[in-house]
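The chains carry the letters A, B, C and D, assigned in the order they are written, with residues numbered from 1 in each.
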Amino acid sequence: MKHPLARRVAAEFLGTGFLVAAVVGSGVMGERLSNGNVALALLCNSIATGAVLVALILTFGSVSGAHFNPVVTLSDAIEKGIHWNEVPAYIAAQVLGGICGTVAAHLMFGLPVVSISHHHRSGVAQVFSEFIATFGLLSVIWGCSRLQSTAMPFAVGAYITAAYWFTASTSFANPAATISRSLSDTFAGIRPQNVLPFILAQTLGGLAATFAFRSLVPDLSVQAKKVLLRHSVE
Amino acid sequence: MKHPLARRVAAEFLGTGFLVAAVVGSGVMGERLSNGNVALALLCNSIATGAVLVALILTFGSVSGAHFNPVVTLSDAIEKGIHWNEVPAYIAAQVLGGICGTVAAHLMFGLPVVSISHHHRSGVAQVFSEFIATFGLLSVIWGCSRLQSTAMPFAVGAYITAAYWFTASTSFANPAATISRSLSDTFAGIRPQNVLPFILAQTLGGLAATFAFRSLVPDLSVQAKKVLLRHSVE
Amino acid sequence: MKHPLARRVAAEFLGTGFLVAAVVGSGVMGERLSNGNVALALLCNSIATGAVLVALILTFGSVSGAHFNPVVTLSDAIEKGIHWNEVPAYIAAQVLGGICGTVAAHLMFGLPVVSISHHHRSGVAQVFSEFIATFGLLSVIWGCSRLQSTAMPFAVGAYITAAYWFTASTSFANPAATISRSLSDTFAGIRPQNVLPFILAQTLGGLAATFAFRSLVPDLSVQAKKVLLRHSVE
Amino acid sequence: MKHPLARRVAAEFLGTGFLVAAVVGSGVMGERLSNGNVALALLCNSIATGAVLVALILTFGSVSGAHFNPVVTLSDAIEKGIHWNEVPAYIAAQVLGGICGTVAAHLMFGLPVVSISHHHRSGVAQVFSEFIATFGLLSVIWGCSRLQSTAMPFAVGAYITAAYWFTASTSFANPAATISRSLSDTFAGIRPQNVLPFILAQTLGGLAATFAFRSLVPDLSVQAKKVLLRHSVE
């Protein structure tokens, strides 16, 4: 039995907020302390992001499914895990939560409430990276959803830590996080004009993985209502 | 069936002692070896702290609940997981254990038994960081307590590793650790005059998360006696 | 009940592709950002590889067994976990998937589609390292296969992260990955003329571990059909 | 039902061999690549050691209990988990396995088969560190043995990764490893004349934890035959 929508939306808001605060905040801390060694800053950033994902998915998974990501919500709706009329509320909560996460990180580090990023992230290689990154993320989610759902928080956290390193874009893989990070002129930022291509590539990558896994595991849609972490409540 | 109070208090003393010894000791080791690269020192410090938390919560969780933290004990009492008349013994054991942890770390590294910290940690950004850090910690604890309790040691360890990086204060999030760390003029120290604002912010953040999760998961208090790791004994 | 061969082969292709993309891509990223500090580049490379293995084995294990490695497939066939007539398809998918992984990593980082490696990896010490590395990998797999199969993704990921550091060759331990990495003139590459000795040592190490574990745990072959992750589907 | 002694001893030999090879080998690799940054070398060393422990305990735990450590074997005998007449075989296998691990690491890195260490590790602070390190290790083992035995591999791996950092001695905590490491004049070595005080402190620390946990959890000895990982076979 699912929780009422209001509670699930609140969980998405809080979870996405903490996720983006962790991405932005650990980027600021890593850059400040690493004396210009970008590999070290990114290592701290990637470990912090992967670790907080493990904690947040375990924390909010049984309430809302711990999507924290419009592409995950879209994919879940396609597989009938969430009703289409609940999708807008989920996505709005994720985007709003992410922006509040940026603001919280800025306040914790004594920065202006928001600041427009000047971090260039453009070009075919970057956009292709986002396609691959999100294809992989949704593959992990659907691959774990049937038989390994208790391990999913660890799978997703481990995947994202790795994907920071094996994609040229550091694997945003999340439209809500992409929008939120455009409001932070820090290590983890992205210029507003680079946001849309990222979101398109993320959406295409996520859809491609969703349909690929439907072929790979045909009984996936039969199990749709039980997929993702949410159903551990049922 | 709970263990007798004396045993639970001994577990809180030992666990908090090892936790603070790990925080202080790994700070000393990280600073000594990292040639002034603070990001590297903090990376070692944060990995050691998160890892020892995983081990200690698994070790002592089934005896005392592995609070190691007065805010966790307070929150557990509010949710009726522990009797109010047992709270003072828990908190005393945590503070005393933490101080002994500082002493043990100092002796292991050939330092004076105690030393008053001169590490400035003040200002609105630092105090707000502690509010957020402890709000997040208690969210993780209550979010995992119902359905993910076997994963809680990993969730808490991962959260704290991340929170070192995404908060400006490196996430003390624990009044007993804060007091103990004021007695160590090393990497992990905090000036005594900065302790009280930290503890207030931690307590407020913990209370806010406790009440937020009561709204988010209303059957939480019904399940109160089973929350936190302790009841895995029952 | 096993999935049809076509689906299992597709899973091996995708999984090995992502694995090699992660190895090659994180090597490029690590080297680019670490200002010539090879230990730091290798740390990022090893953490990314171990983490992606955890995610990929959890994702594809229930479909194909998540071999991603011809030596694992060979060993599984010896223990009757997979039919010998399915072995060529598995190995072809792994090699082809690995090559596509190299290509994908190159495209993500704006490099030529393929490039022949000039990275010297020769000599007795390197080859002996590959024997030990693969002996250890197959030991972990067979040691976990009977009673710890749910923990196998974590055991394999942890083992490989460690083996990057305790072998002089950084532990390729996988013929498909070795071939694929010869097509990348980057951090993770290997000269084509060094590939064959690596593959021979890997095969011998894997066979030695397979027969060692047959002595150590004699009921292993009785349990053959249930070994490796695949049978969690049965 | 336990495995025959010969098989259990073989598992202890192999497991301790891989453990020491990982400690020594990752120390060599870390020191070679880190340009004199000792914190970075130790970070790689500690992550590799913790990770290989997770893999090895999962691999050999169901055969021999995965002691890999004479103090663990001694403590298990005190708690009646292993017969006293089996203790000498266990300890001999651990010491011999550890020495072979040193040799294997040296051969993998093209070093002389053995070399006497000149690494000073003496003084009260170092010896006290070993007491604390081993007290903690045995606390983790006995604390997890009753109710968290499936998590023990992760608890021990996490504990040792942390203990590298919070003890001045980098936490040998194992007489077999201490002896083996005296034969390696590398990063992880220890001068032969410093071995005995380390072993005495380790033994005392382990005994203290064993008796402390007997008080803390009085039904521990009733459960003795089921303690440690071995009994997952029963």
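Definition applied: a contact is a pair of C-beta atoms (placed from the backbone, for glycine too) under 8 Å apart; a residue touches a chain by one contact, two chains touch by 3 or more.
Here the structure is a predicted model, which is why all the values come from computation and not from measurement.
Engineer: According to the touch definition, list the chains common to the neighbour sets of subunit B and subunit D.
Structural biologist: none
Engineer: Between copies subunit A and subunit D, what's the superposition rotation on C-alpha atoms, in steps of 5 degrees?
Structural biologist: Subunit A sits rotated relative to subunit D by 180 degrees.
Engineer: Centre to centre, using CA atoms, which chain is the farthest one from subunit D?
Structural biologist: In terms of C-alpha centroids, the chain at the greatest distance from subunit D is A.
Engineer: Is the contact between copies subunit A and subunit B built from the same residues on both sides or from different ones, judged by whether over half of the numbers are shared?
Structural biologist: different
Engineer: Taking the mean of the CA coordinates per chain, how far is subunit B from subunit C in Å?
Structural biologist: That gives a centre separation of 39 Å.
Engineer: Whole-Å distance, subunit C centre to subunit D centre, using C-alpha means?
Structural biologist: 28
Engineer: Scan subunit C for residues touching two or more other chains and write them down.
Structural biologist: 37, 40, 43, 47, 154
Engineer: For this structure, enumerate the chain pairs that meet the touch criterion.
Structural biologist: A-B, A-C, B-D, C-D
Engineer: In the complex, go through subunit A and note every residue touching subunit B.
Structural biologist: Residues 3, 7, 10-11, 14, 18, 21-26, 29-30, 33-35, 37, 40-41, 43-45, 47-49, 51-52, 54-56, 58-63, 104-105, 107-110, 150, 153-154, 157, 232-233.
Engineer: In their complex, what parts of subunit A are in touch with subunit C?
Structural biologist: 37-40, 42-43, 47, 50, 123-125, 128-129, 132, 136, 139-140, 143-144, 146-148, 151-152, 154-156, 158-159, 161-169, 212, 215-217
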